[in-house]
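Should a chain be cited, it is by its letter among A, B, C, D, E and F, assigned in written order, with residues numbered from 1 in that chain.
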């Protein structure tokens, strides 16, 4: 697949780094793919209601991180954080459907449906936007957002990875990108710390025989 | 992946055609891959005990079918049909491990673990033979053997396909290959009839937007 | 069970044909059962907002199809298409509870909860309306709406059929009924085409040893 | 279904009473069905090796219990207790296949595959013996053997009942039948005591709105 | 754990008695724990809209029942009954988060997510309120509300208990506490009757070797 | 629970360290519990058939490791490695039942049933040996053996941890104990290397807010 087009859908800014920062860097910097990131919600109004400055600062951080990983384009839908479940399903579908139509990606990555209600909402809208008719999409994968996937009740958890991406050469880029999110960084052993990110990448690496890996669940591959 | 090497593991002769005859033809005839088929058991001693003629005839049919699909090489382990569960696990592993070591495939296809006890035994041995250390294998997929997967009790069934292969251009080869198995052919509406094979391929096709498809479950992809 | 009363609950007009048109015809035309179809939403406002003509045309099609299958009575709740998730659960329950109370069916069929958000909402309301106290309902089955069940992410899919209905003698009625839905018909290999409907019925037939079948999941049988 | 023929497959004598004694009585005594019970193993050699007297006594108890419930015929295969997993799968299939061929039942009940290794083995052989081709069997249900189903590790447990049988009028017969098994009776609160049997029947009754019930899982219904 | 602090979260008044009345009494009366009950919704506006008297009476009953079991403190959030799904997720989180912050419980019990939409909503908010960072909570268990858990469709049911609590010495207190809920009591064999409560407790007792038990699912234990 | 008695059941020497070395040290060295380790198979005859020296060396390593962690007693059953599935189930039960009878543990830890056939066999025998009647066992937990649990096909994987043990203060002891197994150590990034063990412990730590953790699945807790 020369000249690939990849769409990464996130519920909130930083999902995409925690879940697949190393794989974004591999696609964009090493393989020359065109990577677009779409943030469906703004990711700060719930914690900091009415504070527009922090929303702006968060997006500045998000774009800096994306740039560092080689992302070609960033899209902000600006739907309300932590309240996606109160919108009609069809309203959450729209920005995703329009990105799929415009970019015509061959591969779509989306956040896995875990305990976070926004993650579940975004995931289901991605399923609608990529249904297998008159679509360019050949491959759909979900990524695990740390500080989300671990807190999912075990009997509702479905993150059983089938796809492993070698990020041994881009783990440093992942950590550097997450460093851009100064609003989201926490001290170790919080999952949103540099040391936790490295340990988790090394731990998944042991599943595949590599130094560092990121795990994914394949939703669908259409192999022509 | 130019010059791919593919290993197809079957429990009994005809599993590989019912499950993925169209995909074998696509790989071998259209994509130039080197495809090896390994039959772990001989597939006739249970039904026709002591009848060596029928065992020989069945293998002749199996090889004719394989040839028609472009298979490069066929391996018969000759373990006893319908009695694999009475062998130590380690004895079933051996022929599979030795094929993996010798062929060094990038992709392994294996029968899905369904109600058939030989299918479950072979599947588990494939898992051991392809564990992700010092192995050439990058992708493992299971295929559904019709007249097996349908008879699996629903609460034990795990064939939820994630991978679809377009066989619109090789469905005729699949049907022709199955025709070689005169010992196994049954009149419609038995799943082992030409019309049932076509209807099933068309039905799976509607999952992907194609005329004909074969479904698979991805067990593991190691994406370097 | 002489003189049976059957209630078929659909989220949108055409769910009931795609999922169980052959079985409706068998019950109504061959077995003399009284079959009522309830459409919970109107099924067109999302795609054609504000276009009342198309909504009316769609219902005319739906009633023509139902008539052809021998349905005794059709009920339209008229709740908004693709927005059922924004209504309080209790508001979706109401039309279903009232149909159950009035008709006193022994058997209720409902759409299976798949990736379509309206399907999930309707299914859950049917569960409330048929809870096993002071109810006439002895049997609850779900049907699979093609172009819905196939697009469900595998780790969220629960359509593992336990009940098969022989529709060899009513497959023609099913196809004819779907032909009434001119707004919904698509060219093959789309699942909403005559050829796809036939192939899918033949493929499920191989699960049961019949020419054509429709699959269902039993939710509950109360066997006095 | 007038003049029904029913086959009840048990791994050990007493499985059939604990799991479905009330339903056997309902079928045989109230509905006039012809009920055959098949015990695949002898159920005592593991606990009392070499003691033929106890084996004989246990079968005498089993037949007395069956007679009390109206069972028409009892078959003993006599395979070794607690060692079914060491026989080739095909050897366990044989007595079940031969009973199915001879009796031509419309309904087969079998023990649910729980933590007990003999239960799993028998269940899988029943699946082979009832596969949906050239068979008389229209309905397959599993029953839960108390002191078995409760001890199954939760992540391996699949007894999620879909079928409830009203045994309000036969609970006394169930308790009386179990009383015949003096070798198996234990003091309350052991599940193999009269009081535990009644409490469990009443507890399942609350699932269906009846005084007493027995739960089952539907494996397959072929509805012509 | 001397001087334990326990928080019991219920969707509606009476969930806590049906699910774990015996265990509440054991903790509060026998072990000297400080038990707080939080009712997230008022539990009557759906059935009796606009009738404030019944809402008040129901809370009087709830508090009488709680007092009888030794509960130290009751909190009413007063969110609307049967309509929790129409509130933003974040609004349901608030009363639970604030109770967790104030009480600093070591153990949280919550209603299991079953077919009841309010149960699912409350459960997910408890998951957010107890995520494992800077929290006092070491143990989270779900309880099964009878007349809820039984009516859950089997393919959506996840109540597979891993934790059993011996309530042989507090079953009488449980029944007495439920008697306080005169608005909710129904005649046997309804699950909300004294006899059904006793039979169910005895039936779960047989899982553990006790006269009476209540079952739970462990969500998470943090063992320092 | 003062003066606790703990039984750790392993299929092969080193399972217990990889899965729960840190928790063994915590129980034995910090909490004063009496910990017994039972190795069901000898763990070397499959790889090194006939080589008694290596079997002896491996047990010497195993005992050195156990001693370092404070284990009170080691039991070797000596059943054949990688061939447990060929023994009658009842023969594998025996050494475990006899250890449970003699030691009367309150807590039993056992290897989780993963892709390794010996792990599944041992797990099932532990289930039989700890069934909840006339037993001392109050708690059963499974641990994940690295280089086993990761290689399990996702649709057969059931290791969804519910119990986390803080091993921040014993991670060094775990690594030191594994160092004793010179026959089993591999270079990083193999899961059987010191660095992989540390990264995995830190990664699980992020699930609970600790520096290092080991994960478990609770099978059953009987809370008197």
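Definition applied: contacts are C-beta pairs under 8 Å (C-beta built on N, C-alpha and C of every residue); 3 or more make two chains touch, one makes a residue touch a chain.
A quick note: this is a predicted structure, and the numbers were derived from the prediction, not measured.
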Output for shared partners of chain E and chain F reads A, D
Centre distance in Å when chain B and chain F are each reduced to the mean of their C-alpha atoms = 36
For chain A, residue numbers touching 2 or more other chains are 86, 132-133, 150, 154-155, 160, 162, 190, 207, 209, 217, 219-220
Among line, ring, star, complete and other, which best matches the way these chains touch?
-> other
Which bits of chain F are touching chain A when the two form their complex?
-> 146-147, 150, 154-155, 157, 160-162, 188-191, 195-196, 198-200, 202-207, 209-211, 217
Using the touch rule from the top, collect the residues of chain B that touch chain A in their complex.
-> 132-135, 162-166, 207-209, 218-224
Complex contacts: residues of chain D adjacent to chain F = 46, 82-83, 85-86, 115, 117, 150-156, 190
Spell out the part of chain B that touches chain F in their complex, as residue ranges.
-> 86-90, 113, 123-124, 127-128, 131-133, 158, 160, 217, 219-220
